[in-house]
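Structures are listed in the sections that come next.
In what comes next, subunit A is part of two complexes: it sits with subunit B in the first one and with subunit C in the second one.
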Partner chain A sequence: MTTVDQPSDSTSMPAGPGLDPTALPPERSRGRAASASRLAVGAIAALVLLGLPLVLEAQRLVHPLHILIMICLYATLAQAWNILGGYAGQISLGNAVFFGVGAYTSTLLMTRIGLSPWLGILVGMFVAVLVSLAIGYPCFRLGGHYFAIATIAVGEIVQTLFINWREVGGASGIHLPLLPEAFVNFQFHSSKLPYYYIALAMAAIAFGCAFLVERSRLGYYFRAIKGDPLAARSLGVKITRYKLYAIAISAALTAMAGTLYAQYILVIDPESVLPLSLSVLICLVAVLGGIGSIWGPLLGALVLIPLSEGTRVYLAQSGGGGRAIDLMVYGALIVLVAVFQPGGLVAISRRFRGRG
Partner chain B sequence: MPTEVLLQAVASGLLMGCVYALIAVGLSLIFGLMEIVNFAHGEFLMLAMFTTFWLALLFGIDPLLSVPICAALLFVLGVLVYKGIISRILSAPMLAQIFATFGLGVFLRSAAQFFWSADYRVVPNHVVEGRLNLGGLFLGWPQVVASIAALLAFGTLYLFVTRTEVGLAIQATSEDREAAALMGISSDRMFMLGWGIGSLCVGIAGALLANFLPIFPDVGFLFALLAYIAVALGGFGSIVGALVAGVIIGLVEAIGGLFWPSFKYVAVFVLYLMVVLVRPQGLFGRY
Partner chain C sequence: MPLLEVRDLTMRFGGLVANDSVSLHVDADEIVGLIGPNGAGKTTLFSCISGTLRATNGQVLLEGQDVVGQTPEEICWRGIARTFQIVRTFREMTVLENVMVGALLRASGTSQARVDAEEVLELTGLAHKRHVLGAGLTIAERKRVELARALATRPKLLMLDEVMAGLNPRERQEAIDLVRTAHARGIAILMVEHVMEVIMPISDRVVVLTNGRKLLEGRPEAVSRNEEVIKAYLGERYRAVIAEPPAC
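Then we have the complex of A and B:
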């Protein structure tokens, strides 16, 4: 991996290509008061993130806790997508492949040789990175739409392979055996709380990675590739190599979340961990939140996941019917965002803060 | 493998290929004009199929009669989508262009699921039924009619684009937008027309497919994917390429399905990957 050198002034951020430069606040001029208030906001946020679930648990509010876990899961997945699609500009509609590889690898290692899912996570991430390099190396020669459609094709091929692969359960998938509740087994039956904290930690890792990428030389290279690949190449950026770094990071983080999903839901099958609809959802969360910005995926997950979980519960209570209201709203929002504010919700919130 | 079985597969592959070609050419026309891929193309097809279904169920209109109705409705839809969405993002970054049509597709698909549920539906009592016996070779009449109609529509489109003044104006705009504008061709009107005609093709294909395929909100996805592949295979923007590629895909699907039934689309996807990796401009591509 390349050397990671911090810019001298860590508070100044360059405007990424494709972003509205006026949307970035003049952070340097705000000075110390701003950084103090930012610290306070961070402390409050941390307190809420760590404390709120305890309150929910005490009140026996299981479903809100489930929603929080899903928000963390999708924030992780969307951030992983964001590193590849947002920063490096490579639109992947096949990230479910890495999710499925992570879920299947750790699960198979657990059921076949009794390996702890914690080690399984690492193996799964490693396998996903290898898969991502195998996909990326040929496909990164394709630009724009061709790459996006190629990732759909690869995703469909992988899903078909798993559906027809009897040794790993075929279309019916794998039911994870119930093990005694223990950290080493990555299974918790009496409470969802441990899953929440693990999901939160994973989201923190993903956001930490995005933060490091954004501040490092890697991030500048990614944005150069996204902005103008030919210009980047003429300036000596090894385009394919840096795209491969981006997809490898994205794959590793996505696979990590795949293991969490397998251990939390305890059933995996090609229709739940490898479908195109998952790849699409990951991408929608990131795009709606705002691609190429660090808080976009979180904002997207905070808006979309409660919406989809909420409509699911509401429709289940009101007797079902059509479903998919959530996706209808997503689709409409994505169109509006693409037409009026390609920067996503993040850019809209920035604009409001700029006025206030 | 007996020869009849292989011939049977080839024949049905050819028939489906003609319909794939008609779907693909709509996509190709739009891309050739303005280098925007309509990721909602499959949903346009789904809407045409549902329109055919409801016309048949509510008014007893046969799918064949709803071909012109679907064509007209989809033309209007295409124009509206261009006016409402696409014309605003002509100079936007490519990501915004991808997500605008992609989001539209997600919206239309889930709206269909919301209003009409995810159930599979079949058009009741259509006129064209039964099978055609060609010396031991059995072909479904609906498929035969669909492929003939698709070829007719394709031929009409080809003549329109190559022989009429408006068609030449469309070609001129896709060759060089600025030069065409200097000749007095409004690129905005050509784009609008392109979206209208591209969607019209899908409307015809949808009504024809509704004759023999079940209809559900996700039905367009596979067809759109095959159409993207056909467009990439034939070369983005090439009309003849779309026809050849559509037929190739129909054949690969049918013959692949003969040998590995559960992997027939894998064969098509692998074909796509091989083509774009080896010859990125496609068989007849200009780019």
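Then we have the complex of A and C:
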């Protein structure tokens, strides 16, 4: 972290006073230098994010590219969860419902009436918002942990519903028909690169949303609701309405990622897009990274997803099933984070950079 | 028409009657003190007025309109802000952010709210603490933030639930000055307080509750000389204090 910070700092420090000779209060000029250094870090990060996959593609390294896509997908999902769980403090263990709704909506619209998945994404997000409001309205009457428990129950109900719903493929799900490779069809067969860039764009959208939320009235009200709902109400915060805003934003972003998953994997079933384990994993990525902070979900995804994919491949090669083992690794990590650093990886990185 | 008028307010919890047909009023330019021994129903009355509890019977009229049954957020919007006896600072938010949550009620956006909040911080002497997290404050500072946050909602009536409790004499004097500052800005004040030396000189009128009923109300000097009040609550010691000429 420090090695990245230093060069950008040294370039921005002389530039600051040079560009603006008017005496700024020290606080603000320091802020400007910091934001310039942040800009430089951002430029490097953007270059890596956009360029690295091209290198992988040229080297025919398909699996690393797959991992990068998964990191972007889970960073999106975790950020969506973070807006609801991290900022507004409403711990959801049912976000897979919105993921499934997104995946099923766009897929069904494509297979039944031939609608482009790009339009399907929008419809899926809209349906997910409606579902989230239907879930949120009664469940937000429950305080604290009871909300989390209720979301588990809702998630299980929805999964069971889809398993027994013949018209949408029941337990065996839906195989998406192979269409010619084209942007409008959201299918790319010769390379994973387009999927990567779409996943990256989605992650960017999710982070942009979190950024905007954090700086708006929503962000302040979400954190107030998380901090003390009764105090928030007595300051005029309509807490039910703002919790519904939070779950709607979370649902829309999660559904968007659901469509990407369906178009990327090309087969969806209740076991892959609606399980409780997915809801838990989304929550774990955010918690491990650090909830209520904008970079937490990305850090969590950067650590957990390669670990998960890695252990699965490694254990499959050595003859084990692997699926349960990676969950054990998550479990151990979460316990470690909870005990030693409840603020998540974000807090650890702050400590190394010497910031409070 | 009084700013706030409580008419025959009764609050029952099962068999327990916490407030029994209490009536009181606060005029637009008044500081009204609400006193009474522990368990007299002061905080319950506060909760009924601010909408945290729904009164079993009776009316709470704010500028002539009954607000019983409205949510705390609606009542805050109508112009009643309260503090809590046990402070409810947002621990993971800075002092500035705490106050901004209050200011956002009437601000068009966060930048407007920041300007309004800064002004309240200056007024309440918290400006130098603006970037400190709620969790890092002393009790006196938290009570001050609680008050600042309520002020930031631009209330017509400010209800203070024991803002002086747990403060040392100097902090207490600062808090009294703060209440006077708020009052000077045209905000009516209804305050519950246990510290008699505080409430008597500052109040225009005092209402005494015991066992959920209003025992009496009147000017502070009259109340503190009333035999029944002294017996119920104040004790002999306080009579000696009030006999001397008031400090201000």
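Basically, the second predicted complex is superposed on the first by the 318 of 356 C-alpha atoms of A that agree within 3 Å, B and C clash if a C-alpha of one lies under 4 Å from a C-alpha of the other, contacts with A are read in each partner's own complex, and residues count from 1 in each chain.
Just so we're on the same page, contacts are C-beta pairs under 8 Å (C-beta built on N, C-alpha and C of every residue); 3 or more make two chains touch, one makes a residue touch a chain.
These numbers come from a predicted model, not from an experiment.
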item: Partner chain(s) touched by A:G114 [first = subunit B, second = subunit C, both, neither]; value: neither
item: Contacts of A:A224 with subunit B and subunit C, given as first, second, both or neither; value: second
item: Subunit B versus subunit C as contact partner of A:I325, first or second or both or neither; value: first
item: Subunit A residues touched by each partner, larger count belonging to subunit B or subunit C; value: B
item: Which of subunit B and subunit C A:R233 touches, first, second, both or neither; value: second
item: Partner chain in contact with A:P180 - subunit B first, subunit C second, else both or neither; value: neither
item: Set of subunit A residues, in rising order, touched by both subunit B and subunit C; value: none
item: Residues on subunit C engaged by subunit A in the complex (per definition of touch); value: 50, 52, 71-73, 76-77, 81-82, 84, 88-93, 97, 100-102, 104-105, 109-110, 113, 134, 149-150, 153
item: Subunit B-facing residues of subunit A, complex; value: 18, 89, 91, 138-139, 141-142, 144-146, 148-150, 152-154, 156-157, 160-161, 163-164, 276, 280, 284, 287, 291, 321-328, 330-335, 337-339, 342
item: Residues of subunit B touching subunit A in the complex; value: 37, 85, 88-89, 92-100, 102-111, 113-118, 217, 221, 225, 228-229, 232, 262-263, 265-266, 269-270, 272-273, 276-277, 280
item: Interface residues, subunit A side, partner subunit C - complex; value: 215-217, 220-221, 223-224, 226-228, 230-239, 292
